[in-house]
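My questions will all concern the structure given below.
Chain lettering (A, B, C and D) follows the sequence in which the chains are written, and residue indices restart at 1 in each chain.
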Amino acid sequence: MSSSIGRELRFSIFGESHGPGIGAVLDGLPAGIPIDLDSLAFQMGRRKPGSSRLSTKRKEDDQVEFFSGFNEGRTTGGPLCLLVRNSDQHSSDYDADIPRPSHADLAVWLKEGGAADMRGGGRFSGRLTAATVAAGSVARQVLARRGIHIGAHLLRIGEHVDAAFDDSAGPELFERLAADYLPTIDPLAATRMASLIDKARMDMDSVGGAVELLCLGLPPGLGEPPFEGVEGSLSQWIFGVPGVKALEFGAGISLSSMRGSHANDAIGMVGGRPRPLTNRSGGVNGGICNGNPLRLAAYMRPTASISVAQRSVSLSRSEDTELVIHGRHDPCIVPRAVPVLESACALCLLDLLIQFEGRAWMR
Amino acid sequence: MSSSIGRELRFSIFGESHGPGIGAVLDGLPAGIPIDLDSLAFQMGRRKPGSSRLSTKRKEDDQVEFFSGFNEGRTTGGPLCLLVRNSDQHSSDYDADIPRPSHADLAVWLKEGGAADMRGGGRFSGRLTAATVAAGSVARQVLARRGIHIGAHLLRIGEHVDAAFDDSAGPELFERLAADYLPTIDPLAATRMASLIDKARMDMDSVGGAVELLCLGLPPGLGEPPFEGVEGSLSQWIFGVPGVKALEFGAGISLSSMRGSHANDAIGMVGGRPRPLTNRSGGVNGGICNGNPLRLAAYMRPTASISVAQRSVSLSRSEDTELVIHGRHDPCIVPRAVPVLESACALCLLDLLIQFEGRAWMR
Amino acid sequence: MSSSIGRELRFSIFGESHGPGIGAVLDGLPAGIPIDLDSLAFQMGRRKPGSSRLSTKRKEDDQVEFFSGFNEGRTTGGPLCLLVRNSDQHSSDYDADIPRPSHADLAVWLKEGGAADMRGGGRFSGRLTAATVAAGSVARQVLARRGIHIGAHLLRIGEHVDAAFDDSAGPELFERLAADYLPTIDPLAATRMASLIDKARMDMDSVGGAVELLCLGLPPGLGEPPFEGVEGSLSQWIFGVPGVKALEFGAGISLSSMRGSHANDAIGMVGGRPRPLTNRSGGVNGGICNGNPLRLAAYMRPTASISVAQRSVSLSRSEDTELVIHGRHDPCIVPRAVPVLESACALCLLDLLIQFEGRAWMR
Amino acid sequence: MSSSIGRELRFSIFGESHGPGIGAVLDGLPAGIPIDLDSLAFQMGRRKPGSSRLSTKRKEDDQVEFFSGFNEGRTTGGPLCLLVRNSDQHSSDYDADIPRPSHADLAVWLKEGGAADMRGGGRFSGRLTAATVAAGSVARQVLARRGIHIGAHLLRIGEHVDAAFDDSAGPELFERLAADYLPTIDPLAATRMASLIDKARMDMDSVGGAVELLCLGLPPGLGEPPFEGVEGSLSQWIFGVPGVKALEFGAGISLSSMRGSHANDAIGMVGGRPRPLTNRSGGVNGGICNGNPLRLAAYMRPTASISVAQRSVSLSRSEDTELVIHGRHDPCIVPRAVPVLESACALCLLDLLIQFEGRAWMR
């Protein structure tokens, strides 16, 4: 298992959904960086279960405890260790003998030869993303002080789509979106999505979706291609978020059916500087930021844990069986994934920025 | 810049399209591994420019020279250094003062403050992918000896799509596909794609597409999530291939509009072993191989270098101008990217396997 | 700051001496590895302060709490998070304004621009080595099950030296040494060292020393030179132990004044296998284990914190001053460093073994 | 094998002494960095064999060919690939069946199961250090432009010692030392060392020695402890230089027999700034530069390849035999290791500086 990521800013997560708790270590911050705890609590609240009728009924306080690296409102220069204790565990909800279809259960069992802890998904629980949000909130604060802002909205839930980010998107829009449980640019889209999720919930089913992210204020030239370009670096982080099954940058998938003359972003002088005049490339060419906003979309599968009867097997008896899950599940995990994805982006981009600034010093 | 990737199998590339040549170092192979040079030459041939009317007229011999790590048909245990010399350079084809829209030119110029070498795209040239194919061919040979096979086809060129891989796909199909310049499962799809590319070429334009990859024979349990799971690890490699703008695993993007009851892969006993009965997950759950074939698709933008007139700027004069590129370009880079993507997968998966087997030893 | 180390076995430490506690994350262990808690407690006890008249009077319980990765006596396959809470903090013992000579205080202040937390040495406290011992104990258990054993003794305290390890050293000797607070091969050496340390204590001074380590049972061929050879890999771990200022392998320093004909270890057939007949090389040539026991020595400076008056400065007033430290300090840190150094070796060697075994699979 | 090292500045070496040549890739330099080729050639000349009666008679041109990353006197921003071709190979000098005592031969054979290429030491040849010097020369030029200078002298050859660096050492002394084949602070020491080496040569034997290095101008605060502190980071590089068997920082080994009151460097205000007034710590405390010059010493074993008869074995026949080596060898490798060690330091410190400056940006 590889539970750490990042180069200059090193992020490690640990914990299980049904043990004492989860946590993370964020290593690489200098001493004296202020951390606004209200802002951190706000971000934690966005991901928290139980905050909407549309999410799981599992309740968690999600109180972040700073175990190290933080003192009197500022970083100490040592690794920041964050702990979030589990308060509401129902491990009996899960039967570790019957793997849940399309969950990690079977794959983990195949990997670990039966020795794995599968209570509640163990370390594969979405619960660990609380640590990503806590650390990501710290990264966002550092970025914001340098004019870099990240926002996101629900691009799609099931068949319902929202409008895409356009040129008018800015920190104000991001703030409005962050306040909504179903953040959409078009308010009507949220209404439609809410009905859809509610219907899935009543059917004991789940539904997937997609999240579009935008990042403003990144310095042109950011990114270390070919192998740690902006796209490659972000992808490793984004696919670390449970449930993500596809990722695109800019017009991404549609670019594959376009001609070059239509796909290319013409370049012009804007305010005395050369800039792409459109943003089908998503702000990045050749792995390097081109001065336009960074734009990407993560596509997520529906929650694997559903309460309708499913075909599965008994691992101990090696025979087919039926699985009915009685636990509390999100009919749609996508809304709660929004702050997680934003956080993953923030951590990744801050890491790239440290490398960028360090290298710039050599010139 | 970060030109190396991989943990136990470390791959570094170097070179420019208009310098002496390009090359790579592949580090981590033990001594005594046989390398079949015919097989390597075959893979190089698949990527080689000029092999079809549909590709660039630029001719390269693409002769691989082993500078180190190889002796009498086998690895020496030291780093394998591969060199591929440039033989046919027309650096005057490019005007480094006018960045090509949607190419890396402008982003590099913004990064390097004008000090960058932009002749022919410099190190951002697709030419460097020859090194990936050479090293990838070595990795594939190691994998094949353990029953692991990777195949790919053109899932889409412009608006034309091919049939997707299904359960019948095996090494024989992979061999047939590898022999075709336009590898498709449905032969008619290739014909339609050929016309489309030809038409783009005559219009001095380009066209994008997508490649679907399948990997058979991987051990269940492979993958080191959360941050070096199969998806996250592959994504960093795949986005290192020039032109890739989106990536999906299994049903990927379509999963985002499905319900869980439809998206989930039911599990059943198959030949005495638990296995997912369908493969919408693409062979991976929670970042770990689940016993099904690994399936992914990379979506590529159309070649940025096109010969129709485009709006751009003169960097030296800071003014808008028109760009007409007279160089030789692929009207569609996707067919030549097929062996590159297969190679990136092979290198990444071999690296994950070394980690997997090392860890297995601890039990 | 870089608080993590290791490639396949990743070790991260965190915490401060005067915060809630210290801890570590050990990532990379498969599920189902048994951990003997008595053995772990025994190792913790060896490092614990207050266990001898010769060590600091500071008392710590050093109770290891498994926050994650451990369940019912075995690893879960997720990252192992260990916490050790601080129980006895006297932060007022330290005056953060006057840096202690040869301690990290001044260097940290210069690094962090005054924002650093210097209470009790902050994260530079030897207290963090408790986490190394806890994680190291887990690694030693894995190694021991494969016949690999690590032992150490005090090679030197001040001017007093012990006999060096010779061919008769084995697990029984290691066990005897581990039971002693002043582990020496020659029992008389321990007596002399005890008097010396006691005298330094009474003089409010401190004394340095050296630790010799021996590792038996490593597979010949272990090591990934040139840059992750056995020596280079161990050195990064060993210099991570506070107070180490020099490191030698085999006859090390004396080799530099020898002739080749005297320094070389002749090779002969031993039990049907080629083996070096002497061990001046310390079991490693070219960064690779040669079949002989691995032998190294770490040289440690005397504890920087002493109670005699010293010249220093007031950082706030930018003027010379005198420093008298009233805290509780070890007159000699070397005995307590013995299990820490053994632990660092164990973690490093286990990491190298995972890489070795993974690579061996490729043949 | 792990042939690459470094984080932000990534260095990979490859090649064998008896193949086409050796080389390196240096990745991480921005575009536009000027490289003075005369200075590079000067450094290469210092390491070159055959330049003195006291070194091997093997002749190499050691011409550095820039294969990539360099154009018109400056870096292009891509990885710098350096090739040095072998011109004078006598592979028949070596009998790969009889391992040379204390050389890597036996360890490599044990590792690779007989598949290893042992002609001339293969990749374990000191020949690869030419690549380190070439890349190191580039790093030194970047450092020198920021006022950072590295110098070294022979601290010991056999029983003869030179005076240690003192406070008067500066760039002028470094320049004088770099011009000498036997660089010593005390000129008489060089004379004595020369006789000693000559005598060893006539006896067909070899002799070891030590090199002391000094680095001036490093910013206080440099170093990322605990695991990538200045000492730990440098040690991984230094032990990558063939023949190094011990390493000390500052008074290093002698500190282990001192008392704290004698070992500690008192702190005082110097020119308005707090500074250690002596330098027994070698310029680093807790892994971080304290404002004093960085001082370290590497201890090297005598050349393992000697021409007197030695006991060894025939690997193919599994029996004891006698080995007489007829090749050309350095009776003392230490003088030629001086620029190699300086280069390793330069590369390591530049890497740490990039990290340091990147992190500083966050404040």
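Methods note: a contact is a pair of C-beta atoms (placed from the backbone, for glycine too) under 8 Å apart; a residue touches a chain by one contact, two chains touch by 3 or more.
Since the structure is predicted, the reported quantities are computational estimates derived from the model, not experimental observations.
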Quick check on the contact graph: shortest path length from chain B to chain D, in steps? 1
Between A-C and B-C, the pair joined by more C-beta contacts: A-C
For chain C, which other chain has the most distant CA centre? B
Provide the C-alpha centroid distance between chain A and chain B, rounded to the nearest whole angstrom. 26
Centroid from C-alpha atoms only, then distance chain B to chain C, rounded to Å. What do you get? 45
Where chain A and chain C are represented by their mean Cα positions, the distance between them in whole Å: 38
By the touch rule stated above, which residues of chain C touch at least two different other chains? 1-4, 13, 28, 30, 32, 108, 111-113, 123, 363
Under the touch definition given earlier, write down the residues of chain A that touch chain C in their complex. 1-4, 10, 12-16, 19-23, 25, 27-28, 30-32, 67-69, 71, 74, 76-81, 83, 108, 111-117, 122-123
The residues of chain C that touch chain B in their complex are 7-8, 28-30, 32-33, 142, 350, 353-363
Once bound in the complex, which stretches of chain C touch chain D? 1-5, 13, 99, 101-113, 123-124, 128, 156, 158-159, 200, 203, 205-210, 220-229, 231-233, 235-240, 242, 244-253, 255-261, 263-269, 272, 274, 276-277, 280-282, 284-291, 299-306, 308, 310-313, 315, 318-320, 363
